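Each of the next two complexes has chain A plus one other chain: chain B in the first, chain C in the second.
Our next item is the complex of A and B:
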C-alpha cells in the first residue's frame, strides 16, 4: 500500500485530540462521506477549523483522498483499521468510527467512482406515440400507423459538469418497428443466456 | 369522382383538343421528358416553329398535361374516373386513350414523389454488442454489463437516402424496459381503439 504512505503524516494529525476533538473528528468524517457521495458538506467548515485551520484542512484533504483510494482499491475494513492505527497512530476508537462509517457508505462511494469517466450516451427510458397520416398537402391518402420513438439517453455534460439528457428521435412503420424489436430481443436473449451460464 | 380544372388550366389544354391524336402522343412524350429531366425550352421553340404557334402555347400544353397528371394522382383517380374527366375536357376518345396510357404508366412514379411531403428520419438498422466493464481509473474492480448499440437512421433528401449512425449504450434492465415499451406500442397499434380510429379516418 505504497500510495497510502503519502497520507500517513497528514492523517496522524488527528492524534492531537486537543486540536481535533472527538466532536470535530466525527463532523469531519461526516463531511468527508457526504462530500464523496452527495457532493455537499453537512457541517460548515469554518466552525471546524479552530486555532490551526491549515493543519485541520490538511487532515481533511488527506482523509478525502485516502477514503477515495480505499474504495478504489477495495480495501477491507480490517486493513483500513490496521493502516490507521499501526501506520498513522490513530487511537483505535477513532479508527473504528471511521471504518464503521466507511463500510456503511462503501457502495455509495463506489457508485460515485463508477460514474466518473467518459462513456457513450446511456439509454435509460423511451417515449412513443402512434400517428396516422390522414391527409397531406400533396396527397389525399391515409398512411399509418407510424410510431414516433424518442429514446432518452443520459450523458455527462463536460461544459456544465452535470448529467445531461439527450433525446434521440426517429420514426418507424410497423415493419421497421418489428425489425427493431427483433434486434433488441436478440440482444436481450443473449444477456439472459449469459446470466444462466455464469450463475 | 370527376376532377374540375381551373379556367386557365382548361384554356391551356384547349389547343391539344384540336390536334390529331399523333400530336397528342408527341406532347405526352414531351411531358414524360419534363417529368424526368425538367423543361427543354430549345425543343419547345423548335416545335412551336413547326406547328406555327407561340412557344408559350407549347409550354402551357406540356405544363397542362403534367398538372393534370399531378392532380389526378393527388386525388387517386381510378382509370375510369380519369377517362371521364379527360372526355369532359373536350378530348376525343383517341386522344383520351393516349392520355390514359400516360396516366397509367406514370402513376406509380408520381405517387412515389408525392408520397412523403415531410421527410423524417426512419429506423434503418441496429447493431449491438455485449460488453462487461471490468475496471476503470476511478474504480479498479467492477463488473458492469453493458450493451453497446449502433443505431442507424435514414432520411430521404431529394430521393437520396442519407444515413446517420449513433452510438449508444444501455444496461440489461433498461434494455428489457425498452423492449417491453416497444412491444406495448405495437400491441396498442393493433388494439380495438386504434383500429376504430383507423376505420373512421379511411371512410
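Our next item is the complex of A and C:
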C-alpha cells in the first residue's frame, strides 16, 4: 500500500462533511466511475463545488488516480476499505459505498487499463486478387500467379483519437503464400494443442 | 483383520467421513457411524446425497436403511444384505460391505487431486488454456460490435482485439494541492484551472494520472514534432517575403508624387509665402516654449523660497517659546525659597523613585522566579511530549511491522496447510504401500507356517505308511513262517488261526482309529459352524426386529390417532 501514500492527504479531504456532503460524495464517485469506464461524466462538475473548488478538484483527481491504481494492482475489496478507513480516515459508510461501486465496475476499469499500450494491429478482414503476368517486353514467362493481398486491420489512430481501419498491402507468389498458410496453420494447431492437452 | 480395518478407516477419513481419532478398528463402530460411512461411500460412488445420520423415528430409519441396502445390492453386492446389516451392527457384515464399497470408489477423484499445478509458469499456461478454451467455446463476434474489443463473460473477459488500445502517452496535469500556502496559486486553482478530466483527452487521462510525464519522454510522438517544425519554418518564410512587398509599395507611391509635381509648381509662389509665415510661426513657437520653461523654473524657485521662509518662521516661533520658558525659570530660580522647595521636591521624588524601584524589585523577583519555573516545566513537558511522540511513532511502526508479520504468517500458514494436505495425501499412499508390504510379509510367514504344517502332515503320513507297510510285511513274514510250520505242527496251525484273528482285530482297531479321526474332524467343523451361527446372533436380531415392529406399530397408531 506504499504507492497510495501520495493520495492519502488528498483523499482525506472527504472527511470534511460540510465541504463534501454525502450527496456530493456520491455524485463524485458516480462521475469518477462513469468517466473511467469510457463514458461521460453524469453530473456537471460545476455544481459539485461549494466554497472551495480547488479542494474538490484535488479530491476528484486523487479519487480518479487511486481508482485506476486499485484496478491496476488488483486490490481486494477488504483492503480498499481498510486503506480508506484506517489510512485516509474516511467514515466507514463512505468507504463501503466506494468499494461497492468499485467492485461493480472493476472489470470495466480493467478493460480500460487493458486498452492502454502499444499493440500490433488486429486483423479483422482480408481482400485479395490474383494477377498473372502473361508477357511483357522483358520476359515472356512468369513464375505462376501473383497474389495481391490486403489485410484490413484495426489500429488506434493517435491523431483523431479513435479506432481506425488500416490496410496492409503485400504481394507474394504461391510459394510464399503457402508458407504463410502453413505458419497460420501451425499457430492454429498450437492453440488446439493447448486446449486439448491431456494431463 | 486389523490391517483391513485400518485401511477401511483411512479411506473413510479421506472421504471426509466423521470418524474420531480414537477409533482404530471396526469393533468400535456403532450404527450411526456405519450409516455415515456407508452414505459417504455411496455419495462418492453415485454422486447423489444421502443423509449422514439416522433419523430418530424408527420407520424413517428402516426406510433409510433399506434404501441404502438396495443401492448397495444394485451396485452388485452378492451376499446377504438388508436393512438389518446397517441398523444392527455386526462386525463381519459391516466389514464385508465396507470392503465392497471402498473397492467400488471412483479412482478419478484421487487422481485429479494428486495432479495439481504448482509454480508461476504452469499456472500461467493453465490460465492461457482456460482462456483459449473459453474463447473457442463462444461464438465468434466481429470486433466492431464489441466495446474496446473486449467481451465480458461470466468468468471474466475475452480479449478479442487490441485495435482500440492507444499507446501510453502522458500529459502534465495541473492538480491543486491543499497543503500550499501560496495565495496567488490558490486563486489560480480556484478560478482558472479546469477539472482534471478536462485537462487532457479522455484516453490520455488514466496514463497521465498513473505516471508522471517525466517518466516517459514524448519522443515517440514524432509526427507532431515534425508538423510543428514545419509550421514554424513556413511562418519565417512568410515574414521574409513581407519586406520586399512593402518596398515596392513605396516605389509606386513616389511615381504618384512625380505626377503631382506640375501642380506643385503652380502653387509654389503661394507656397513660399506660406513657408515664410510658417517659419516665423515656428520661431515664435520656440520662443514661446523657451519663455514657458523660464517661467516654470522661476515658479519652482519661488516655491522653494516660500518653503524656506515658512521653515525659518517655524524655527523662530519655537525659539521664541524656548526663550519665554527660560526667562520664566530664571525669574523662579532667582528667589531662594523657591530653590529650596524645588530641591526638596527633587529629593522627595528621588526617594519615591527609590521606593518604587524597591517595590518593583519585590514584585518582580517572585514573578521572575515563577516565570523561570514555568519555563523549566514547559521545557521538561516539551521534552516529555517529544519522547511520547517518538514512542507513538515507534508504536505505529511496530504496528505496521506486526501487521505485515501477521500477513506473512497467514500466508505461511495457508501455504503450510496446503503442503500439509498434500503431504497427508502422499503419506496416505506411503502408508498403503507400507501396509501392503507388511501384509505381504505376513502372508509369507503364514505361507511358511502352512508349508511347515504340510511338511509335518506329510511326514506323519509317510510314517503311517511306513508303519502299515511294516505291519503288512511283518504279518506276511509271520504268516509265511507259521504257514510253513502249520503243515507239520498242530500248535503252529492254531497259532496261525490266532494270527489271522489278531490281524482282523488290528484291522478293526485301525479302522475305528480312522473313524475316530473323521468324527473328530466333523466335530470340529460342527463346532466352528456353531460359533459362526452364534456370532450371527439370530435370537438377538429377532428380538430387535420384534421390538422394532412394536415401535413401528406404535408410531402408526400414533399417526392414526390424530388422523381419526
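The rule is short, and it goes like this: the second predicted complex is superposed on the first by the 145 of 199 C-alpha atoms of A that agree within 3 Å, B and C clash if a C-alpha of one lies under 4 Å from a C-alpha of the other, contacts with A are read in each partner's own complex, and residues count from 1 in each chain.
Throughout what follows, contacts are C-beta pairs under 8 Å (C-beta built on N, C-alpha and C of every residue); 3 or more make two chains touch, one makes a residue touch a chain.
All values reported here derive from a predicted model rather than from experimental measurement.
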Query = With the two structures laid over each other on chain A, which partner does A:194 touch: chain B (first), chain C (second), both, or neither?
reply = both
Task = Go through the superposed model and pick first if A:10 touches only chain B, second if only chain C, both, or neither.
result = second
Partner chain in contact with A:36 - chain B first, chain C second, else both or neither = second
Message = Touch test for A:72: chain B only (first), chain C only (second), both, or neither?
response = both
Query = Once the shared chain is lined up, is A:153 touching chain B (first), chain C (second), both, or neither of them?
reply = both
Ask   = Just chain B (first), just chain C (second), both, or neither: which does A:163 touch?
value = second
Ask   = Thinking of the overlay built on chain A, is A:89 touched by chain B (first), by chain C (second), by both, or by neither?
value = neither
Inquiry  = Tell me the contact category for A:52 with respect to chain B and chain C: first, second, both or neither.
reply    = second
Message = Let me check the overlay on chain A: which residues of chain A are in contact with chain B and also with chain C?
response = 72, 110, 113-114, 116-117, 119-122, 124, 153, 191, 194
Ask   = Mind pulling up the chain B residues that touch chain A in the complex?
value = 73-76, 111, 114-115, 117-118, 120-124, 126, 128, 130, 136-142, 144-145, 147-149, 151, 153, 166-172, 174-179, 181-183, 185-186, 188-189, 194, 197-198, 201-202
Request  = Using the touch rule from the top, collect the residues of chain C that touch chain A in their complex.
outcome  = 115, 125, 128-129, 132-133, 136, 142-144, 147-150, 152, 156-157, 159-169, 173, 175-179, 186, 189-191, 193, 195-197, 201-203, 205-207, 209-210, 221, 223
Inquiry  = Help me check something: in the complex, which residues belonging to chain A touch chain C?
reply    = 9-10, 13, 35-36, 38, 41, 45, 52-55, 57-58, 60-62, 64-65, 68-69, 72, 107, 110-122, 124, 153-156, 158-159, 161, 163, 191, 194-195, 197, 199
Ask   = Which positions of chain A touch chain B when the two form their complex?
value = 71-74, 110, 113-114, 116-117, 119-126, 128, 130, 132, 134, 136-142, 144-145, 147, 149, 151, 153, 168-174, 176-181, 183-188, 190-191, 194
